[in-house]
């Protein structure tokens, strides 16, 4: 339970950071921001890697594999798409 | 050591929060901000209370007592002074 | 086609129908231009400048007889002949009778006054150009005759209050008068019967004077004002009296096409003004908006200076001629495309402006005024 | 003390020395005021307004004989007597000889022209007030006579180029002329010998014309220009010729106190200008900056309109009188504190302006001009 | 690799995520920000691969390669215009991954039989619920935007009631899972119910409101990741997840505010946007008009080398001349070339624009006549049309029947981008619609002229 | 009270601290922010008192009461002008408390004999070091500002060398403590060395640079609290401490930037500020001129109900009239009453200001003459003097010898605050210094007129 509170603390602090950082983003960058943060939400990939690699059961491995694929699509696609969007903002 | 990393994480996140929040403070409020954050730094009071209350040894108790006095001066004085300063900003 | 530009003969007329600057646009399309010597002198365009742009100079009036098109400012029929085309101001709506004399010469006359107020005719709209100059000059005249200054000045010798200017009738000339008076630092208010004008007045930074009059149908489809009955004008005068009394300068431009200008300022209202005030009556050529202004004169009555000078555009002949010439040139290029005028064309611009042809008055509105004659 | 205000007798003078508005400041300090009937009429201040503010009206000039102080605009010695004080413009530096005649009357005369240019005298500085009006009016006159418009206008009938205005001599009148011409939309440039003027010209939004002339010591301690030798003026003319030729309007105000105005525009330079251009010579009362302007007249020479009208402030008599009256009233309140004038005072304002006393010319600068007589 | 180092690396990755998002606060730093985010992700994944608990890499590598390939192809192939549905789809995958990971963790815990911590089961239930809603909701959003299913709001009687019931059963199942964590069935049932909920929540929302929904789902996917973090006791997941969660919520709020609607209204309001403008105008404008915020325009102006202002009657009506001059000056100070294109009949009197611009002290040299300026538009980055309409109406060139046919116009449509400032789509003096407003390179900024320009000034100052 | 609840309460307190600091970002929310911080502190202390480990309350209560009394008396008695040294003193106490708490914890650990975690001993050493420097450095700063010791920089040969040696020995002792945590002697030696270091670091800094030092010490006190948090394994201490640490560092940076100096220069540069202006002017201005940033002025304007603009020749020279009008409009839109006070001889020609203000479309009604406006200054919140000098020079009233004696002036000095915008302290037309610039209620804003007003516009927009 001690641990839970610490974890919660981290959660709360991260929310604060998120809030402060995001409110500074100008409206034009909202779309790239959405897609960029979407890519970050693919962080579940880390969990997926563990699930698929620890090979407890076939089921976990299968679930893990699917999760890895899903999360990787999210991560790779997300960062690339964001990059493409941002390229439009470059000085011509 | 696991714990240390978690604690560090909290430290880093708090620094981020502090940075984001403080950079938004306008120059006129810098003096009250300094004095207000100074008051918050009196949070050591919590540690002091524990030291002086647990009564391990006379030494710790004495140290704790002195710490409580010091920290309380910091906290009470700090918040009060800040409040006085801020009163000057009120719409007259 | 050969265009001839006679020297204007109307007394005091200093404008000229074509200026050297527009000649290239005409000669480039195959027109030739013959200028009566000294035609542009009074407007600041010596013969030499015309020659430099490719015109020939006619030593006398008689040498113009051969031209196909006579371009003039104030139309005067002398020397016209059958087959010739004449373009200019002929004042057909106020003096339709004189038009019959023009028609009798057999020439085809185009009246610039009758230019339709449609978008593509804007660059041929000489009434607008001349009104622009008249509006500006009205304010300069007022500033000259006013015993005060226009702008507010706060000085060591006290504060000079700004002149209060009231503009009645806010067409092209009125708007320009407002803008000019505002530039000079006057405090300007204005009134017009047409409801659309309110926003326009504000768009040049002046205050619109709201009078509780019914003005719903006051604008015709061409953007001109409709005539109102005398009871309307009476009420308008009553309501305006206070504004007029408080003004240092009143500039009137109210007009209704084809009618005598409405009387909006009576002698009684003039008496109510402070000594030294100035009224500039731009409607004077249509009879005037003030019943005691004297056409062509500046008079003082009841301590108020009444400016009734005629033909203000001619007092800035350089720019007036430049604008008029641009209008005329654009018009000629429009009606005589390909070096020939198609009199049967259904073109609205040609139809509306063609006044006389083959000895007849052909313009429908003028014919109507003449009693269908 | 009783202040008398005669009706001005100088031909064409429409100003008056006191206006009703300033009377309370005088009567409140124990002065009484007697106004010759009709004195304020031409400026727009009827007798009744004076009476309403506590003045008495004198039916004739003769009734003014008893006053202690004569307040006037254009000083004229008629009717003065020993023991009387007179305040007005006496033009002592250009015509010192006439001052001896004034002195002979035995009255003590204060000349408003000699007001020192010090901060606390600013509210009595009638030269500045009148120059303000002259500068404004110069532009109005130019706008009237110019065959062009001042502002740039882009219209369906072509673009009207803005008038190019060149102001030579940028004292009080020059600055006001610049400001007014800019308001009307002209493109203004200006030149003055005093180096400090550059920034001032820019502070009213105009362009300073840089001439490569040595002008280090051109300003005296009072802020006036120093006279230069003829070779300087010759070089100045040469350098200005191009700017003058390119200008549509030239307004000259260059003056050096106590001297004839320098000739800065020659006939040759006038010939170089475009036909229709206008020169307004505000220095005409000091002989003129242009050698062919005719004092008191508007003439056309070489196609250029030369405006040499005199006494421009009198053409805006209402505001000119208001400002002048404020200057005079402040001055009287200053020198006659407590109802008495202390002629022995060391006060700079009194010392500098006191022209004659006890039959003698006492002002040092004027005495010097008279050859120490 | 010892766990401490792994955790330290996770901390570094977390910091990179934060810095990456911070980078998004300015266009100049945004690209770098995105790269920092990606770097954080790389570190996180590489470090995880070094975890001692991993015994086989085949599946992992296979999954990574497959996923990366699909992701890259999707990202590279997609049209710029299809970005919104792309983001929706990717987002869905993220949510799906959360469901799967939480499921796997549950199975593991069951297999290990070490007992269940409440904290962990609660988190697992939340993962399943939020992840499921995200996955299926995103799929529906994708389908709508890609026109695979109708873009309109699908509404049927009792929809809200049904949703409420489904939501209730979801809660019930979640509680069930916490009480009986050893039952895999409850888990999958929960996922199934979450799917229905996701579909129900999205299907009733019109195409125009989709961006709001996507943003909300984005937030959910973050929360799902966070919940997974609680399941796996992984701080980095918690941090990254909550960053995304916060970002999504804030964006959703901002969007709702911009649409002047509450979130509730968007989610439960049903029906699409109301139709705009009147009869004939509809053919010209119908759905093709894009409007922009001052900030977006400011970004364009920030990098523009030549800006042409085209003033018209609306500038006069709103007396915006002073503001316009201030903006022009600001842009000039930033190094842009600024020109005023004055049409001969702009306004309502000859020289109307001249009078106003002179009042505002715009130098005459900056005013160019139509003939001079028209050839310059093709080398113009941004044209700002302020309150002009007829004088920039291309119909004058194309439709001989139009009342303004034959009038020469200012060819603003030739410039790279046209910004039109006016209050609405209403016509000008001539009373006819203006196809310029619906052009591809036109952005409308609907506002009073003066206010609009002042807003632009503020935005340009911000942007730099 | 169970530890979980206590920790949850600590989390709440931490959040309150953050929210409190956030409140400081606007004057309107600052008071509330301060109260939130205090509330957080209250929660933290109360919850701690419920800790099961506490067995006796006497000492605690005694300490609390004593400390609160001293703190309150100090805070209430202190003059507003003595605020800086007050903050320094309070700050010192905070640092001192950290030293004591860490010491107590060390003793406790020694007594308990449970062995020492490296992490904990490192943190203890840091607490002792940072806390000691803070305590003694703050005391010196206090002494200097309170004039108990000389305000000048105390510099002696070899000072830097000495400091370096002391710092080195501090590091040595810290390492020693980590290696031999059971030795209390090392701890106290470390504190002693820290004291010397604190004194050395502060004594060499001039009075004008003191605020920077205080801000830096403030940051240290935060870090000390954070270190104590590591010692006690208390997240709240860590969070609160790092907030303060970050805040102090940022403020220090900003101040250095404003003084156009590097931190190194401030800390090691020695010597006070350079003298300003020339001969006679020095008597008038010497050290009394305060200058302000646009942001500070904006805050003043934000809450002003009446603002009077006083234009002079400098407005004309910089052609700032358009900008001035824009600012006036902005303030009016925010609900302030805006007046232009036009002095009869402002500028260089009669009516100079009128011409310019009319050009900028300032309505005539807003222009007031001297006689009308003078009685209004005493009810004016802010007067903005833009490029005027002689016409607001109080010397005209007070010194009959002055060249402007007797000229009526605008009584701007009667208004609550006067903001003077000009480029320098150079005189105006009359060539004399102006004591207004050194008045207590005057803030100078040195800049070109037009630029200054534009900066103000941006700042006012920001501030609201």
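Should a chain be cited, it is by its letter among A, B, C, D, E and F, assigned in written order, with residues numbered from 1 in that chain.
Keep in mind that, in the parts below, a contact is a pair of C-beta atoms (placed from the backbone, for glycine too) under 8 Å apart; a residue touches a chain by one contact, two chains touch by 3 or more.
None of these values were measured; they are calculated from a predicted model.
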item	value
Neighbouring chains common to subunit B and subunit F, by label	A, E
Remotest chain, subunit A as reference, centres from CA atoms	D
Identity of the chain that, by mean CA position, is farthest from subunit B	C
Chain pair showing more contacts of the two, A-F and D-F	D-F
Proportion of interface numbers common to subunit A and subunit B (over half same, under half different)	same
Between subunit A and subunit E, centroid-to-centroid distance (C-alpha), Å	18
Inter-chain centre distance, subunit A versus subunit D - centres from mean C-alpha coordinates, in Å	81
Computed distance of Cα centres, subunit D from subunit C, in Å	39
In subunit D, residues with contacts to at least two other chains	122-123, 128-129, 132, 151, 153, 155-158, 160, 183, 185, 205
Two or more partner chains touched - positions in subunit F	14, 18, 235, 239, 319, 344-345, 350-351, 355, 358-359, 361
Touching two or more other chains - residues of subunit B	1, 4, 6, 9-10, 13-14, 16-17, 21, 24
Pairs of chains found to touch, sorted by chain label	A-B, A-E, A-F, B-E, B-F, C-D, C-E, C-F, D-E, D-F, E-F
Interfacial residue positions of subunit F with respect to subunit B in the complex	14, 17-18, 20-22, 24-27, 30-31, 33-35, 37-38, 40-41, 44-45, 48-49, 51, 53-57, 59-60, 62-64, 66-68, 70-72, 74-76, 78, 80, 83-84, 86-87, 89-91, 93-94, 96-98, 100-101, 103-105, 107-108, 111-112, 119, 214-215, 218, 221-222, 224-226, 228-248, 250-251, 254-255, 258, 293, 295-296, 298-300, 303, 305, 381, 416, 462-463
In the complex with subunit E, residue positions of subunit D that touch it	151-160, 162, 185, 187, 205
Complex interface listing, subunit E residues touching subunit B	3-4, 7-8, 11, 14-15, 18, 235, 239
Subunit E-facing residues of subunit A, complex	1, 3-4, 7, 10-11, 14-15, 17-19, 21-57, 59-61, 63-92
Residues of subunit C that touch subunit D when the two form their complex	14, 21, 43-44, 46, 122-123, 125-126, 128-129, 132-133, 136, 140-141, 143-144, 146-149, 151, 153, 155-158, 160, 180, 183-185, 274-276, 303, 315-319, 322-324, 326-327
